[in-house]
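Everything below concerns the one structure shown next.
For clarity, chains are labelled A, B and C in written order, and residue numbers in each chain start from 1.
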Amino acid sequence: MDLLNQIFIAPFIQMAGAPDFLAQVLWEGFVSGILYALIALGFVLIFKASGVFNFAQGIMVVFAALTLVGLYQKGVPAILALILTIAVMGVLALAVERLIMRPLVNQPEIILLMATIGLTYFLVGLGEFVFGGEPKQMITEELGLPTGSTEIPFGEQGVVILQHIDIAAAVIALVMVAALGLFFSRTRIGRALRAVADDHQAALSVGISLNQIWAIVWFAAGIVALATGIMWGARSDVSFALEIIALRALPVLILGGFTSVPGAIVGGLIIGIGEKLGEIYWGPLLGGGIESWLAYMIALIFLLFRPQGLFGERFIERV
Amino acid sequence: MFYREAGQYKSSYEADQAVFPLAQDRIGMAVILVLAAAVVPFIASNFVLEAILIPFLILALATIGLNVLTGYAGQLSLGTGGFMGAGAYACYKLTTSFPDANLILLILLSGFFAAAVGLVFGLPSLRIKGLYLAVATLAAQFFLEWCFIRIGWLYNYNVSGAIDSPERRMFGLVLTGPNASPVTRYLTVLAIVLGVTVLVKNLVRGRIGRSWMMIRDMDIAAELMGIRPLVAKLSAFAVSSYICGVAGAMFVFFYLGSVEPAAFSITLSFQILFMAIIGGLGSLIGCYFGAAFLWILPIFLRNVLPMLGIDVGAENIVHLTSMIVGVLIILFLIWEPHGLARLWQVAKEKLRVWPFPYA
Amino acid sequence: MKLKALIAGTLLSGVLACGAVATASAEDTVYVQLPTYRTGPYAGSGIPIANGMADYITMLNERDGGINGVKIVFDECETGYDTQKGVECYEQAKAKKSLVFNPWSTGITLAVIPKAGVDKMPILSMAYGLSAAADGKAFPWVFNPPMTYWDGASGVIKYLAEREGGIDKLKGKKIGFIYLDAGYGKEPIPLFEQFATQYGYTLFKYPVPGKEMQNQSSQWLNVRRDKPDYMVIWGWGAMNPTAVKEATKIRYPMDKFIGVWWSGGEDDARGGGAQAKGYMTLNFNAVGTDFPAMQDIKKLVVDARKSKVEPAKFGENLYNRGVVNSLYMAEAIRIAQEKTGKKVITAEDMRVGLENLSIDDARLEKLGLKGFIAPVKVTCDNHSGHHKMYVQRWTGEKWEKASDWFDPMSDVVNPMLLAASKSYTEANKPWPERSEPCAN
């Protein structure tokens, strides 16, 4: 009885009792969700165009952020460092396409997954070799991103604290999603990307250059990785611990579907807010720290009812 | 032309259905077994035994477990670390509750607990497939990791949260604990790993193994033919988790000696998955190749690079090793996408026609 | 076939060749392995320590030609704070006949403690590791001067009680404890809980899983909800700067936020920027370069480009911590040489040296480190010592001393240590009785 009360009634009473805290929790969940969605976006881009699950997306986030900060620390002014980093991600995209994607064309997915794993090992070693293992601080102010926070009074005595960088992150993420959505539906290259995602051979026979498309898509994923790295790095330092956070994008991808850009945002928000609410209000029942698996459980439950995710394409199996 | 396998006639069903029907394979196997069991313990240094061969064997066993699930039954699983941990903690609880029981028996028993856990977390496989199932097994991994830290009963409520291997003996020899000699531990691990390999080889060649492979290739067609997917998939999960559980128990008791819950993290799961894929999914010898590649190669690089005079500092050796391993993985995949096992097969085929380029 | 055997044989011999690692030449040198982590999520804390350890030894070799003419050869073994790699480094240390093993990770320490006595390898786990290992009778091969985590926890409570005006004023207060959800962070919990029942405060626990160190917003949301009067942090690596940053984000009063000595790196406090002013941690070594020995390091090692440290980070807290570790090792080597009369000592002699470790103010003055640490002494029964610590405060730019050197509550901690040591040896039966004679 007491357990039932604790699960079903007490948390809601807590929520109602401190509405400013609830608002803060919801805001934090929203921000987490947006950041997860940013990571998931990178996965979606590459999966959509080539059917490859890019395991190296997490390390690309760290690598992009490290390049940016590393260049700045060597004395390059911030904006120039940003442009140079974009160029570096472009070179990386071309190298990946040439050296990994082209020789492995038409191989089963698991082989391509393994190749991205090899890429991860390589980038981890290269990143640490060139930039060193020390955690670095993201150059938030120099990039023109806002720092500091605002306090918004809420209710009688409550206050909700909003970090400016979080607001900026949310805006940037939404802008990116909108831009990518437009890109996919309105531009020629976007249409070519969708064609390649459908069927490689058909796209080839229509005259679409697979190599060009793949290079573009990896470059776009690299840009997304850079944006993600900047946002995550601004919230906590840039170090290789960020790589593990990329795993958090997986439940987002499950929920949203592996091939849907708006799905990444919706999935991200659901996971982010659900995770925070669960951890704060139901976590103490289990001793705390349930955040590490709560997202996966939420995704799992969704999967049992809708195996392709909310927005994903239904796979029709033929025998 | 010189390596000829032809001309070996079988005159009984047993001979035809043997695991190693060719004499060359039998001789080769015998030589390797003699080397492993009789020669290596005497010539290998303690460092090689303790830090290279014992973990190699244990990880190869875990890779076999994962291969059963992913290579033979086609269910991609990222929960290997969690299942290994389940076996390890089960063994710890068993041996601390029954200190006088034979440790080998307890290790083999603890696999059953891991199998039960695997069965529960394998249930989603009945509805979900492919990459999505991998994420569902990730839920298992993270949940189990959380359990190892949060459930105090599992580590007997000791302050550090770590489990360790108390000293156990068998036939007067010390098996675990710091007094156990590396040779004893090596031979015990070798015996268990070989035993389980033989078991799995027979399983895979039998009815159950074939049902797994049918599910892997085309599960709807298999169901139409009368294979019950429930039984096939769940049995794959159970057997795989059993093997991983035994490997996990050995990991603690014969190799590390004491583990924090962080030892059974997602990193371990990925390590074993990489070993399985590099070695070749769906092949038992591939498991050994993959484990050797991903375990021995980095140690080899870490020790050989300084000897070659590349003295760039310990951490840079680690970075260079990581880069070289990454590049090698990509090169191997381009060269032979089906893993080292397929490379081995191709090598044998080439050997059969050598010195001619083709038959 | 024979070819299979040939290939297997080649592979095997290649692998066995790894075992042939070069041992230190016996020409008046001794070898010490330095396990470090310059990579991974804990590199932020591991790098300055590695630099400090290496530089002090290099300075001794350069300035004095080693200890009594015996140079110390050392190399680093990268563990990444990972127990697997740590055990591998331990095996290598054994193979290369290192004098002592410094795990620099509670997880690795726990793994090697049972092996230390059998392998005759002394373990120096300076102010970390298993607190119960202070019991020299049960753990003759493990040393953890100058104090244990339980001493530190009692020191925190003592300091907070002083701030409140007396230990009875702690009644009714709320103390939040945010910690790394691993052996390291969980060690002080029994002491904090015992004090909670004894002195009447409420303890709130906020575990941070190792994989989530950079994502602590949930823990700090909980802190915001619970509003503890004081926050105590037991963090390491990337957990520290993230925690400080999150604390400033929720506007937690930083002068009520105190950490253990491992949460006191400069980079950790810098994570919070200027708003982190007032953050406190315990410490047992001085910060800064205003010591003759430190100036020697600067001249002979840093300026001579023999060091990996960034010149700006020379003299920071964790760098000096590494220096202290090497100081203990160097003194132990010297004392071992005296006691055994040998110049080139072995690991067993090193154990004798560590058991007789005694550095008083006069010796510190001779070493050029007066005031760097409080005097430390190791005895047969007490391998840790419950020595003094002090509290330091972050000014926004550097650490400044915020209290005098004070003792931990050893009268409370000692019985707990002995009880814990007893339960450890019971749980790990058969635990060998101490056979090494008391060296002092």
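Please note the rule applied: contacts are C-beta pairs under 8 Å (C-beta built on N, C-alpha and C of every residue); 3 or more make two chains touch, one makes a residue touch a chain.
In this text, all values refer to a predicted model and were calculated from it rather than measured experimentally.
Under the stated contact rule, the graph of chain-to-chain touches is complete, every pair of chains being in contact.
Between the chain pairs B-C and A-C, more C-beta pairs are in contact across B-C. A separation of 32 Å divides the Cα centre of subunit A from that of subunit B. Subunit A and subunit C have Cα centroids separated by 37 Å. In subunit A, the residues that reach two or more other chains under the touch definition are 128, 133, 244, 289, 292. In subunit C, the positions touching at least two other chains are 37-39, 181, 207, 209, 211.
Shared interface positions of subunit B, defined as residues touching 2 or more other chains, are 146, 149, 266, 315, 318-319. In the complex of the two chains, the subunit C residues touching subunit B come out as 1-5, 8-9, 11-12, 14-22, 36-39, 75-78, 80, 83-84, 87-88, 91-92, 94-95, 106-107, 110-111, 113-119, 130, 181-183, 186-187, 189-190, 207, 209-211, 308, 420, 423-424, 427-430. Listed in rising order, the residues of subunit B touching subunit C in the complex are 3, 24-25, 27-28, 31-32, 35, 40, 43-48, 50-53, 55, 96, 99, 146, 149, 156, 158-162, 164, 166-167, 177-179, 255-263, 265-266, 292, 296, 299-300, 303-304, 307, 313-315, 317-319, 351. Residues 53, 99-100, 103-104, 107-111, 113-115, 117-126, 128-129, 133, 244, 247, 250-251, 253-254, 258, 286-287, 289-290, 292-293, 296-297, 299-300, 303-304, 307-309, 317, 319 of subunit A are the ones that touch subunit B when the two sit in their complex. Interface of subunit C with subunit A (complex): residues 37-41, 43-44, 47, 181, 205-207, 209, 211-218, 221-222, 224-225, 237-238, 241-242, 245, 249-251, 267, 270-271. Only residues 76, 124, 127-129, 131-132, 135-136, 138-139, 142-143, 145-146, 149-150, 218, 220-221, 224, 266, 270, 274, 277-278, 281, 315-316, 318-330, 333-334, 337 of subunit B touch subunit A when the two sit together in their complex.
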